[in-house]
Amino acid sequence: MQGQAQQQAYDRGITIFSPDGRLYQVEYAREAVKRGTASIGIRTDDGVVLAADKRSRSPLMEPTSVEKIHKADNHAGIASAGHVADARQLIDFARRQAQINRLRYSEPIGIETLTKEVTDHIQQYTQVGGARPFGVALLIGGIEDGEPRLYETDPSGTPYEWKAVSIGANRGDLQEYLEENYADGLDLDGGIELALRALATSNDDTLEPAGVDVATVSVDTEEFHELDNDEIERHLTDLDLLPSEDDEDADDGEE
Amino acid sequence: MQGQAQQQAYDRGITIFSPDGRLYQVEYAREAVKRGTASIGIRTDDGVVLAADKRSRSPLMEPTSVEKIHKADNHAGIASAGHVADARQLIDFARRQAQINRLRYSEPIGIETLTKEVTDHIQQYTQVGGARPFGVALLIGGIEDGEPRLYETDPSGTPYEWKAVSIGANRGDLQEYLEENYADGLDLDGGIELALRALATSNDDTLEPAGVDVATVSVDTEEFHELDNDEIERHLTDLDLLPSEDDEDADDGEE
Amino acid sequence: MQGQAQQQAYDRGITIFSPDGRLYQVEYAREAVKRGTASIGIRTDDGVVLAADKRSRSPLMEPTSVEKIHKADNHAGIASAGHVADARQLIDFARRQAQINRLRYSEPIGIETLTKEVTDHIQQYTQVGGARPFGVALLIGGIEDGEPRLYETDPSGTPYEWKAVSIGANRGDLQEYLEENYADGLDLDGGIELALRALATSNDDTLEPAGVDVATVSVDTEEFHELDNDEIERHLTDLDLLPSEDDEDADDGEE
Amino acid sequence: MQGQAQQQAYDRGITIFSPDGRLYQVEYAREAVKRGTASIGIRTDDGVVLAADKRSRSPLMEPTSVEKIHKADNHAGIASAGHVADARQLIDFARRQAQINRLRYSEPIGIETLTKEVTDHIQQYTQVGGARPFGVALLIGGIEDGEPRLYETDPSGTPYEWKAVSIGANRGDLQEYLEENYADGLDLDGGIELALRALATSNDDTLEPAGVDVATVSVDTEEFHELDNDEIERHLTDLDLLPSEDDEDADDGEE
Amino acid sequence: MQGQAQQQAYDRGITIFSPDGRLYQVEYAREAVKRGTASIGIRTDDGVVLAADKRSRSPLMEPTSVEKIHKADNHAGIASAGHVADARQLIDFARRQAQINRLRYSEPIGIETLTKEVTDHIQQYTQVGGARPFGVALLIGGIEDGEPRLYETDPSGTPYEWKAVSIGANRGDLQEYLEENYADGLDLDGGIELALRALATSNDDTLEPAGVDVATVSVDTEEFHELDNDEIERHLTDLDLLPSEDDEDADDGEE
Amino acid sequence: MQGQAQQQAYDRGITIFSPDGRLYQVEYAREAVKRGTASIGIRTDDGVVLAADKRSRSPLMEPTSVEKIHKADNHAGIASAGHVADARQLIDFARRQAQINRLRYSEPIGIETLTKEVTDHIQQYTQVGGARPFGVALLIGGIEDGEPRLYETDPSGTPYEWKAVSIGANRGDLQEYLEENYADGLDLDGGIELALRALATSNDDTLEPAGVDVATVSVDTEEFHELDNDEIERHLTDLDLLPSEDDEDADDGEE
Amino acid sequence: MQGQAQQQAYDRGITIFSPDGRLYQVEYAREAVKRGTASIGIRTDDGVVLAADKRSRSPLMEPTSVEKIHKADNHAGIASAGHVADARQLIDFARRQAQINRLRYSEPIGIETLTKEVTDHIQQYTQVGGARPFGVALLIGGIEDGEPRLYETDPSGTPYEWKAVSIGANRGDLQEYLEENYADGLDLDGGIELALRALATSNDDTLEPAGVDVATVSVDTEEFHELDNDEIERHLTDLDLLPSEDDEDADDGEE
């Protein structure tokens, strides 16, 4: 009862510090991220790979409507995990920042700059009253000055740069898998395969083509490219990850 | 008592995260949706069908005043479930967006664009303080680039695209019915029949013509068309769903 | 005690959802409507009848000062039940909308349009913080395109169209009476008689001329007409509803 | 304890509905009115009489400083009961409305119009957050189109028109006295006598000239006239209401 | 415990009514007045006398820095009791009003007008949220149209006019003393003596010249005049009120 | 437990009155002052002396960075005790007021005027919601019209003028020491010595030169002068107050 | 339980004083600082050294993305400890202040001025409602007028100047280490070695080159210089602090 009463005190009104220096609303927003299905980012020598688990709630739902990976600009993509409606707000914010950069400086926005404008925006929602934090984590990947870059944003508004990273459900297991299996010198296909194998670990080592989103931004083209169903199926076939039967779960507004 | 005290903490003031990363006010708004009578959307090859259960509280109430399906623009309709007064606000918002699009670009607004402008609007009410979330779900259906499209919006502000979907009371059973009975290649009449049969399942397999709203947007005309009483009666007769006696219930501001 | 603690949680600050999807402040506002004396609306072929029970608190109070029926525009009247001071605000709002319509379009405002502008206004007070909902229900009756129309607004901001309807105290009994006794093809006098008989049922089948307000908007004249004491007395005499002795009660700001 | 906990819930922050549809803050404001000494209004054929009990807290206090009756405009007066500082705000508001009317339309403001502008102002303080209701009731009397009019405003913002009415302490007894003793066809002196006799009933049937305020607005002059000490003493002598010894009580900011 | 819980309910946020119609924050502000040392005002035929007990906290404190009496304008002075910092705000407000009056109308502001502008300002802080009431009472004395006038303002914003009045500590006893000893026809010196004798009653019938402030506004000069130490000592000597030894107490921000 | 519950009621939201007329937040701010190390002001015939205990938290901390005495203008200095960051705000405010005065009137601001502008600023933070009071007391000393003046401001916003005064830790003991040892006719050196002896009493009658700040504003120069380490050491040597070993304590943001 | 209930009272809404004069939200923000990994600043005769422990959460995280030391301007650097997203806000604020200074005065901003603009900004967040304090401490080091300067800012907004200082985890032990080992006359390399040895004490006397950030601002160049991996490794080799095996921990948004 004590623990509960204590929690209540830090949940009301605005985001404030607990006696041990934590921001409960931000930590609870991290729980909203964990309730979403996983997204994975892999930085390879040839570009960045974004992949996402997007299990549909029903066979009648259009798989394309469960958006987990979005184009932010020609040279940049964003994968999300957590509260879907919040993700949409941040992605729109990122797109506007990218457009403004092109208008002002006639050049694509740097991936680090883009990430930090997003995290500054997120931070404001954790300090100023009258709104709750964003319940979503993002992976922002793209090409900057010819180099692949991959960033994570979390609900506190902290940016992290990664070689390979997982957000959302089962982050602990997936990150461990990535640490064990990531190797320098990967090409894009290697990155796609690592991402798919990782996602499959939490799904009995199988994946439906329609249940996964994959996108790349290659160093060569500097173009965001979303793989179509056939491309994904080809990868899954090569990796022997295609299921014999499907498995669908419902979740509520978190992916 | 613990559970109750905990709930109270997350219900006051603004919409904030619970320790497990949920937004209680949004989940309670989903309960308001479930308190409303059901609406169903069916996407067929020939267009979109919207159908809604609209039981009147009294034989003296004008059936037309229980509005469950609305024209959003020439080529788009909206069905709702939940808090009626909230639905009216969102539908007015959608209509204004559609008009603005015609004025600015001299063309009908895309169904996906329309849906996302509505869900962005809904999301704001779940993050910024000083107002409660919208207690209503919408089905937005219409024709975009010659193709039928059908979307759902929920109180979190998440958009979903569907082949066939149910919102409001008995969603679980109705969605199950749709999954079992939906087939690709339906024409508009097939869509109407599937929607009416589904709605009838929660009403002892009967429906009053005045107790149901049906509208279509066909690929051919790209025009929103609301079926009149006679058309609906003809369908119900064909389907043998006309009741021998009527059954009226009261509800309070939810439909 | 649990129920009470739970209620408290949803009563403070702004209007928010309860765990079962209800808006308690709106439901409590409906209780304020029930605390007011009854008003009745009847739609006949020849026009709309509005009637209201307006028991005075004291023989020294001017009966005309207990306003239950108001002219909204030449062709439209409004009866109210509930918190009197709130009713005055909404009626003033309705009058301004009607005037604006005449100024802008040089024609009388449609009864449906008028009703929906009022209900949109009411809805705002149930969603945006910083104010309580309106504790009043209205009956809005008038002529639109030569047709009689009769609407109800409730504290949630939902509009309903009726053939015959009762708001305020004893709604359940009065509505049942109307359902049993309403018949299509009524003329205005038939409507007045039905309304008076219904109001009398909750008053030992008697009514004081000064204790009731009656107004009509006929299809012929399209003019709001409030019956004077003699006209009302003549109707009550015809219907044998005049009491042998009077009976006065006090209430506080609700009528 | 339950009742108390429940009350607390509806007393905080803004004025909101209780589960039975009541506005506690407004009802508590009515208690503030009851804590004030009584004021009485009488409408006669020849004009309106306002009278007020204004017991001083100390023989050293200037009796004129306990203002209970105020001139609102040449043709209108206002008596108050309840929180004095609140009364002053409303009376200033009324005076400004009367002046504005003279400036705009070059004619005296109607008594009904004046009353309703005051009650609309009062109502706002019961619905919009950030302020408490006014803890005062007013009697507004004057001449409109040659006719005497007498209105009451209460803390909910409801206007009532009366032939004779009492506000403040002992309202129940005083109103009963007025109902038993008021007769049509009174002249101004008859009205003054009725008011003084009524006030005296709660004071052992005696009144100090300095302990009562009396003012009239006659149909003939259409001028607000406040009786001086001698005039009041003459009336009290005629009515045999002069006390043999005085009796002074203290109260705090309510009169 | 009940009383305490009940009090808490009315102390938070803004100033609201208690169930018995009282404004607790205003009543608590009256307690702040009682915590201050006494001030006395006497109206004589020749002018107004203001006197104040101003015990210093330490012999090292400059007696002049404990300001209890202030010049508001040439013809008007103000004595205070209660929260010193609040008094300074109101006195500055009063001075600005007096200056504005001189600028606008080229004449000294009326004492009644000045008082009522101050009380209207005070009242706002008791009704509108976001601030607490002023914890101070004022005595405003001066000459208006050749006549001496003496007013009191209290934390509710009510103005009272007095012949002789005491505010602050021991008001009950001091007011009783004034009632017993005040007589019409006093001259200024008589007024000063009455004030000093009254203040001395709560100090073992002695007063230090440095422990009391005295000021007058005479009808002749219409000038605010603050007595210097010698003048006060002369009066105290004449009245045999000089102490044999001094007595100093500390208080916190209330005088 | 009762006392605690009661305290809680007055600590939330804004600064409000307790039932006995106290402002708890202001009293708690006074506690913040007591948590700071002592500052002392002495008014002598030749000028004002400000002295402050400024124990450093660590031998590595720059002693000059623990600012306790500040130049407000050429002719005025300010010493503080309490919350350091709050002190900086008020000192900046005072400096701006002094500059504005020079710009507007081409003359140095009066010490009394400067003090009262600061206390008015402080008072606002005790009455208007949305901010907490300042947790700091100031000593403002300087020359006005050739005369030395010394003022104290406290967290309520009350100004006091002193011959000699102590703020911060051990105020009771230090003020008692000053009362016993202050004598009229002191010169500046006498004032410095009294201040240093007083500060030493709470430090085993020793002081480190680096552990004390001393500044003067002399009548001759009308210039603020901060003593350097050597000057202070010379005084301490003369007074035999130099310690044999040092003693350092930590505190958190209060000095 | 008492302690807990008491804490709750001071945690809600805005930052307010506790009965003993403390600001709990500021103290809790200091706990957030302690949760971050340590940063150290050393002032030497040749310039300022900033060093920071920056343990990565995963071998896949880019060490450069865990930013603990930032360039504020050519001549100034900032190290942080605590809530990373908050640190970014303050560092951006500091950079803007430095740029504004260069634009306005065409010269580098003073390190003391820069620090005080940052602490004034921090203080506002501890006094005005609607936001929480910053959960971060900064070390601001640079060259001002040819002299090395080193400042600390804490969550209360207090600036401190240091010869050598540690913020973040293990402050107590690290500060003790610095006090024992700091000596006047250090050169830059000596400063770097002291900082690295201190950081290593809390890490079993070993440091990974990638796990530590080091930067200098030398008096000679007046340029901020961040050491690269090789430079750091050379220092660690010289100091025999290189580990035989690595050790990685996770933390959440605090560094």
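Chains: A, B, C, D, E, F and G, in written order; residue numbering restarts at 1 for each.
Keep in mind that, in the parts below, a residue touches a chain if its C-beta (ideal position, glycine included) is under 8 Å from a C-beta of that chain, and two chains touch if they have at least 3 such contacts.
Please read all numbers here as calculations on a predicted model, not as lab measurements.
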Least hop count linking subunit B to subunit F through chains in contact: 3
Smallest count of steps, each to a touching chain, taking subunit C to subunit F: 3
Proportion of interface numbers common to subunit A and subunit G (over half same, under half different): different
Averaged-CA centre spacing for the pair subunit E and subunit C, given as whole angstrom: 55
Mean-CA-position distance for subunit E and subunit B (Å): 68
Averaged-CA centre spacing for the pair subunit B and subunit A, given as whole angstrom: 30
Of all residues in subunit C, the ones touching two or more other chains: 5, 12-13, 30, 129-130
Overall pattern in which the protein chains touch one another (line/ring/star/complete/other): ring
Ring walk, subunit E to subunit F and onward: E, F, G, A, B, C, D
Subunit C partner contacts - residues on subunit B that touch it in the complex: 1, 4-5, 7-8, 11-13, 24-25, 28-35, 57-62, 64-66, 83-86, 88-89, 92, 125, 129-135, 252-254
Of subunit E, residues touching subunit D in the complex: 2, 5-6, 9-10, 12-23, 26-27, 30, 116, 119-120, 122-123, 126-130, 151, 154, 156-165, 175, 178-179, 182
